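Chain IDs A, B, C, D and E follow the sequence of writing; residue 1 opens each chain.
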Amino acid sequence: MNTSLLIWIILFPLLGGLLNGGFYLYHIKIQKIPELLFAIIGTVFPLLAFVFTLILFLDMNEHGSVYSQHLFMWLDIDKLTIPMQLLGDNLSIFMSLFVTFVGTLIHLYAVAYMKDDEGFGKFFAYFNLFLASMLLLVLADNPIILFIGWEGVGVCSYLLISFYYKTKENVVAGNKAFLVNRVGDLGFLLGVITLFFALNETGISFSSMQENITLASQPLLILSGVLLFIGAMGKSAQIPLYTWLPDAMLGPTPISALIHAATMVTAGVYMVARFHFLYDAIPGVGLFIAYVGAFSALFAAIIATRQTDIKKILAYSTMSQLGYMFIAVGLGLYSSGLFHVFTHAFFKAMLFMGAGGLILAIHHEQDIFELGKQRKKLPIISVTFLIGVIAISGIPPFAGFFSKDAILTGAFSGGHYLIWLIGLFTAFLTAFYMFRLYFILFVAPNEQSKMETHKTPWSIGIPLFVLAIGAVFAGFINLPEVLGGNHNVDTWLAQLNSTPLDLSHAAEYVLIILSIAVAASGIYVAYKRYANYDLSKRETEEGLIYNKFYVDEVYNTIFVKSAQRLSTFFSDVVDNKIIDASLMGLSKGFVAFGRGLTFLQNANVRYYAFYMLIGMSAISYYVYMKLQGV
Amino acid sequence: MTTLLGYGTIAIILFSIGVIGVVARRNIFVMYMSIELMLNAVNLLLVVFSKLHQDMDGQIIAMMIIAIAAAEAAIFLTVMILLFRSKGSLDSDLFIKLKPEINR
Amino acid sequence: MNSILLILPMISVLIGALVLMFMSMYDTFKIRHFITVSVIALVIAVIFSMGNFGDLYSESLFPVILGDRIVFDSYANLFSILLLVGTIFIILVGESYANKKTYLKGEFYSIMLFSLFGMLLLAHANELITAYIAFEIASFSVYIMVGFNSEDGRRVEAMFKYLVLGSFIGVFFLLGTALIYGATGTTNLTEIAEFMQKSQENIALLYIGLTMILFTFLFKIAAFPFQSWVLDVYRGSPVLITAYMASVFKIAIFALFLRLYIQEFSMIHELWEPIFETLTLLTLLIGTWMALNQTVIKSMLAASSIVHTGYLILAFLALGEGGAGSYAIIFYLIAYLLSAIGAFGLVSHIIAQTKVKITYDDFKGLAHERPYLAAMMTIFLLSLAGIPSTIGFMGKFYVFTEAISAGYTLLATLAILATMISIYYYFKLIAMMYFYSSDKEIPLQTFDDKRISTYAIGALGLLTIWGGIGSIVVFFVPIPSIDEILVVTQTAIASLFI
Amino acid sequence: MSADILSFIIFLPAIVAFILMITTKDANTVRNIAFVTTIIIFGLVLKLYLSFDPEAGIQFVTNNVWIEQYGINYYIGVDGFSLTILMLIALLISPAYLLLWEGRTKGYWINMLLVQTGITGALLSLDMVLFYFFWETMLLPIFLIMGMFGTGNKIFSTIKVTVYTIAGSLLMLIAIMYLGTAYYAEFGTWSFAIDSFTQISTLSYDAKLWLFLAFATAFAIKIPLFPFHTWITDTYTNAPTGAVFILSAIMAKLGVYAIVRFLIPIFPEIYSDFSIFFVCIGIFGLIYFGIAALMQNDIKRMFAYASASHLSFITAGVFSLNAYGMSGALYLIIAHAIATGGLFLLIGILHRETGFKTISNLGGIAKQAPIFTVIFAIFLFSNVGLPGTSGFTSELLIIFGLYEFHPVLGYISGLTVLIAASFMLWMFQRAILQDRETDNGKDLPMRDLKIKEILGLIPWVVLIFVMGLYPDYFIDKFEPSVLHYISDILPSGATK
Amino acid sequence: MIDIFFILFAILAIGGAITMITAEEPMYATLGLLISILSVGGFFALLNASFLFMVQIIVYAGAVLTLFLFLLMFLNIKKEDLPHEPKKYMLITLGAVLMIPINMLIFKALSTLPNIDMVLVESDFGTIKALGMQLYTEWLLPFELISVLLLVALIGVIVLAKQKSKKEIKQ
């Protein structure tokens, strides 16, 4: 099999993006182009990428080979050699497979969702670029190339979030996303550099780093591990760098779906998995990651229980699920974590798309209470939404159950009971708030609105349908042994050396039942509370939780406001009042002193003679003294 | 007493008085005459040196200085007339029109 | 070598002066006739001088008649050419000024040539009394030229101040001469130098005499604290004369003093070094302070000439044994000659046509009205400021390099600081010309710029640029290198020791 | 190829300028001829670039006597460093002619041509006096352009910047002369060539330190480094686009170039001993200017700080004593010149069309001028250091270099990733993207770019991406020179 | 005898000079100067410079100072037109103080010379013939130059004065 296929996986979406961008500029500047062209370009190229990935996957499945494609030398200075090289191993193909798959579906979905939007072409251009960057990230052979994709993803998300750039909030949200991500990027970059130098500049590709990991001293490894994880925090919205994610919901819904479900946010998880050799060497940091993940999961779940914006609830739930993934990768359960990434992609994308369909049907309303009030008959959406909600709540046999349970079981078996407990409690909360959402949107009694049927376009329906199938059945791919499965994903990702499970079957059963019970109780509580909720009566919009623990405000005060104040201080006080004023003052003083001296120049000839006499006198005195000895 | 130093002292004193006259007096006429006095002091000194070296050069130089002084007198007197015509006085403190204009 | 040839330049200037004097008796002659005659006389003188230009020689002609009072050497030759060329430029640049100011009648050019005669003599003088007389010829002429328009009170006042102070300080020269005579029994420079070499007797007296002469020198070049007259006199004089005093006269003074100093250098340097050091510093300071605060361009240029004096004293410090560094001074003088004549002459050209007192504000918008003049003024100001690609930079470069080479790094640094500040007041004028639109009420006159003055100014501008660029573009345009000047200078200095 | 090609490149603009000065009065003709001249120069430089052999050291040398007395020569040549920047200058100037709208009089274009001569001359000089000659000469046309075509309190700021920069260069002049005399004292002949100065062995450490500081001050003012930066805000605010473009995109870079070209070979010990100091200043400046840029309301003022911030970073890279940092710095010089230069030109157009340059008054540009916005964004993101653009490669290398220099400083320098992004994006949001907040959101009169302007900018946009995606080609041109500096000139042990 | 003359001349010279710088009226000052100059002439006589003595009396005292007096009368300065000089003596004192270093210096210079007695001797030293011989040989050039100087002064005076007369005609 020709390995040069790898680059085409990236090139197709990139080409699509460039074509769309060019056509879009043509469209707005010179002549209108029908949306169909954009739609075709925008969907066909990702599809091609998916097909290529699939071909590779199948080939790899058959031969078990690893692809590597050297394109050109990107940079070569001194000992720093960074080739532009792509790596198609099991992990990256696994990732790119579902990235392209979900991506294609979302593109399809977007065709209908963005219909008649003036930025249609632009949207697809960004979207394809996003996909290209994501694929570069996934397929990169070394962290620097990975970083190019990593940042490309960031900038595309920036562009997409501030898609409706005319309103301030959107752009502000975009900026926030970009900047918070940049904090993470900083960590990532420094982490890579630290690692590079910690390994005595022996090489920067993942494989050479893995080989040479023993060269490094433990403190430097820990440092680089933590720094890299900061990168992951930013990208994957973990505490404390999560604040951008809820705000990012201001973009068009497909963006949210893509960014938050399948791709961008999981990049952090992927990256940690990529550096598994590093984290294997420093288990302490892994534990730290797991705890951060656990707390993020809990924290996001708590906040989600009180939100009213449908997309924000989904966003917090994403953050919460990401927390699970980090628990997994932190504890060394890489394959479980990636499996959760995989399943999560299906149901979360589906949930977002459902929410998008809902929002579209009810004229861009996002408040769940309002949505509930103005409800229309949307059979496809309500069914798929229910599937998604069940899947995320962890009810078997839906996909979410298997992946989440694998993580919790893993945590328990590793002896990290606190994490396990937090995970369990979060699962309860997840079930609660997801069903709260569902009940309010679809079940709670609704008097005002007539239930007219709203037709769902086919291009929204098909992706939803496909994803729904995934959400229901994807879990079976990695059925645990105890349930008679054969660990397909774990096997595929064997290169990651995930921590094996060390539990008796009985214990596993107990844990499974326990988690189902917890999820069920969450649903029950939600049912009790919201199944018959009076939609005209909003929930109180106060309190710590509703206001997201005031974290945004605290950040704003600590970082933004103080930076602004510092900026004013620097430019107005230090520059103007101290440096410039002292320089100008010095020169002004000099001139003024000269002006003072002009009184000597009083145009009176006697005085002039007098000055001369003084001068001569002084010189004579000097000469006299000097000639004393002669 | 009629030694070199004696004559020298006289010359120095005359010279000093001349200098002081230029510096201290406001009357332009007196100022000019002080300069003449200074020239005379120099002449005296030259003649003394001429005698010292038994060399005529000093005297010749002194004579030339007298001639130069005469030329100087011509110009000086003309200037004084011009000055007197413009202000009606020979007070040097009055001629301060050329005070520099300062950018304040 | 034809010895008559050597003396001819001076003779032709003197004859020119006399011819002009007689011409001035008749009213039929116009200003242009006077200009023509004087320029012809000067050009003839230049041609005669050029005959020996660049040769190394030192001759004492007709010892019976001239009695070794003046000496003809390459040094004097070089300075003669500078003085002659400078005067030619002054006359040509001042053409439009002279045409407008009707009081500059015929005698004016006669007197100017007399003064030039005095200055040429000064460059050749080898004896203190001859030097003094030459000095007085030049000074008297300048006094008269300053007060030429005796109806104008300010001219008379300027003349009076210059006269009083000049005579006052002149007596010190005579006193010094007397003391030197007392010490050595001679006033001949060569003999004094010989005396110094062989005898330590009466050496203190000699030193003191030389110090008295130094006072006069410091006064004439306007070093601190002898600088006060400069602002008043320069401002009170017709701007043409200001140019003359600032450039040509200054060179003549240096011609004499440099000769004196180089010959007596080894002995007197040690004594004078601290004086020069202090004076450099103070002159630079006071000049800078004065220049910063002037509003009238003439005063500003006058004050800045004090700063230039500071650089020249610095160059004196760095002279070195046998006058090794003296070409720095001479080159600087040439640079200053060109730029100062240019700057003052241009001001005169403008004054001639606008009848304003020429403050900074009067220059507003000049670049829009008369771009050519503004460009030329910019060149001269840049040269004065010592910006590269003008001769002023080269001059400064040599002076500072020699100063550093002689070990006066700190002083050179201070001088550079003064240069830095000078940028401000020079560039302010450029800014006035280019950055403001004219705020004059008078409708835009069409000036006649196709006249001798403007061509002369153009020639000066070209010379200024050439001096700064030299042979740098030699592979495009074959022009003589400015190295030539340095070679000639060295020859000149060498001729002092023959 | 004739050895005098460099001289031709240097003096062609000046000669054309002089011919134009006396022949024609029509501004458009002057502009067109000037443009053609720059294109010719670009062609020549391109030819030079392609035929340049990176391994061969200094090439195309011309060494003619200028002032024999002082051993001052017309000594020019090109090596990897200067070639890269020469290419940059040629590449920047011609397209800029298409975008500079201010030049309605012939003086403007003549001055632009003269600036080019000054800049190229300074870049290629290998004799210190010659360098100084061009270094000062290039300031005058800028002075005139700034004063004549500027806005606001232009005269004050023009004189301020002139005095400021000349003050610095005069200090350098003193140092040059001191070195010359030291050489004379040691070898008995005068010479001001750089290679002569490197042989001087008689100077004491203290003297060298002072000289180094004199040079460094001159360059620091030009760059500008903290605390010599106060001229930039006034200047960038009031100066016309062309002047700001030249100042920020080219002249500031020459300051950095001069550090590499002169300070490293002449004072290697001082350079390595005091590098920590300069790296700290650079990093401090990076953060300081970055933060100061945040709250600027005047867009040009903001870019003044932004530019200073980047240049401080570049300086830090230059002093990092290793190949990564130095190559990165050189690369960032190019990247930043293109990006910032482009941004300034675009802001110039924005200012002209809308009449505003304060961020609070701007807004809603994106919807009216999409192509403008796209290109603006590309430059912006290159400035921010987005991977895939030229900015990233260079910043990455500098951070590598600084890390190797000292890990802690490397970490701090990483903040560049964050700082630039914060103020750039905030500005972009308020000034370009979102609707106006003043005047009831009334649209500003803004046109989109014209075809010729787009044509002018396209090469830069392409270059930004090419340099970002395939940097090795460009770096190969100057890497041997960098390695030569690192391994041959610096004392062993300096690079740890 | 000579000593007596010396003392007399000294007293007269210095007294005259002091009168000159202190006198309010220019007329007295001129007379003071005249006395001083005559006394200097006397010194010349004591120093064997007989020709110079003559020149001093005839040219200086006779011609120049008469010119001064003539001028004074011509200008006819009234008493109230004279500058009021309240700080005159203070300034004179100040000037005297400032002169101290210069005087000390010159005195020191003189003291290095052999302090010989300047007795009057009978010889042709200082006579017209001896002087003339040197003047027209060795000092010919300076002597001729002085004529140029006088010519310049002459032209100058004419020029300056002529202007004035023209102005008067206009009036």
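Quick notes on this one:
The definition used in the following text is that contacts are C-beta pairs under 8 Å (C-beta built on N, C-alpha and C of every residue); 3 or more make two chains touch, one makes a residue touch a chain.
Quantities reported herein were computed from a predicted structural model and do not represent experimental measurements.
Listed by label, the chains touching chain C and chain E alike are A, B.
Path length between chain A and chain B in the chain contact graph, taken as the least number of steps between touching chains: 1. Centrality by C-alpha centroid: the chain sitting nearest the overall protein C-alpha mean is D. Averaged C-alpha coordinates put the centre of chain A at 77 Å from the centre of chain C.
Separating the CA-averaged centres of chain B and chain D is a span of 64 Å. Inter-chain spacing, taken between the CA centroids of chain A and chain D, is 36 Å.
Centre-to-centre, using mean CA coordinates, chain C is 42 Å away from chain D. Shared interface positions of chain C, defined as residues touching 2 or more other chains, are 129, 133, 136, 140, 143-144, 147, 150, 160-161, 164, 168, 175, 179, 182, 204, 208, 211, 231-232, 290, 293, 421.
Residues of chain B in contact with two or more other chains: 15, 18-19, 22-26, 31, 41, 48, 52, 57, 64, 68, 71-72, 75, 79, 82, 92-93, 95, 97-100, 102-103. Residue positions of chain E with contacts to 2 or more other chains are 95, 98-99, 102, 105-106, 108, 110, 113, 138-139, 142, 146, 149, 152-153, 156, 160, 164.
Every pair of chains in contact is given here: A-B, A-C, A-D, A-E, B-C, B-E, C-D, C-E. Within the complex formed with chain D, the chain C residues making contact are 327, 371, 382, 387-389, 393-394, 397-398, 400-401, 404-405, 409, 412-413, 416-417, 419-421, 423-424, 427-428, 430-431, 434-436, 470-476, 481-483, 486-487. Those residues of chain A lying in contact with chain E across their complex are 610, 613-614, 616-618, 620-621, 623-624, 627. Residues of chain E touching chain C in their complex: 105-106, 108-110, 112-113, 137-142, 145-146, 148-149, 151-153, 155-156, 158-160, 163-164, 167. Taken in their complex, chain D has these residues touching chain C: 4, 7, 11, 15, 64-70, 74, 107, 129-130, 132-137, 140, 143-144, 147-148, 154-155, 158-159, 162-163, 166-167, 170-171, 173-174, 177-178, 180-181, 184-185. On chain A, the positions that touch chain C within their shared complex are 590-591, 593-595, 597-598, 600-601, 603, 605, 607-609, 611-612, 614-616, 619-620, 622-623, 626-627, 630.
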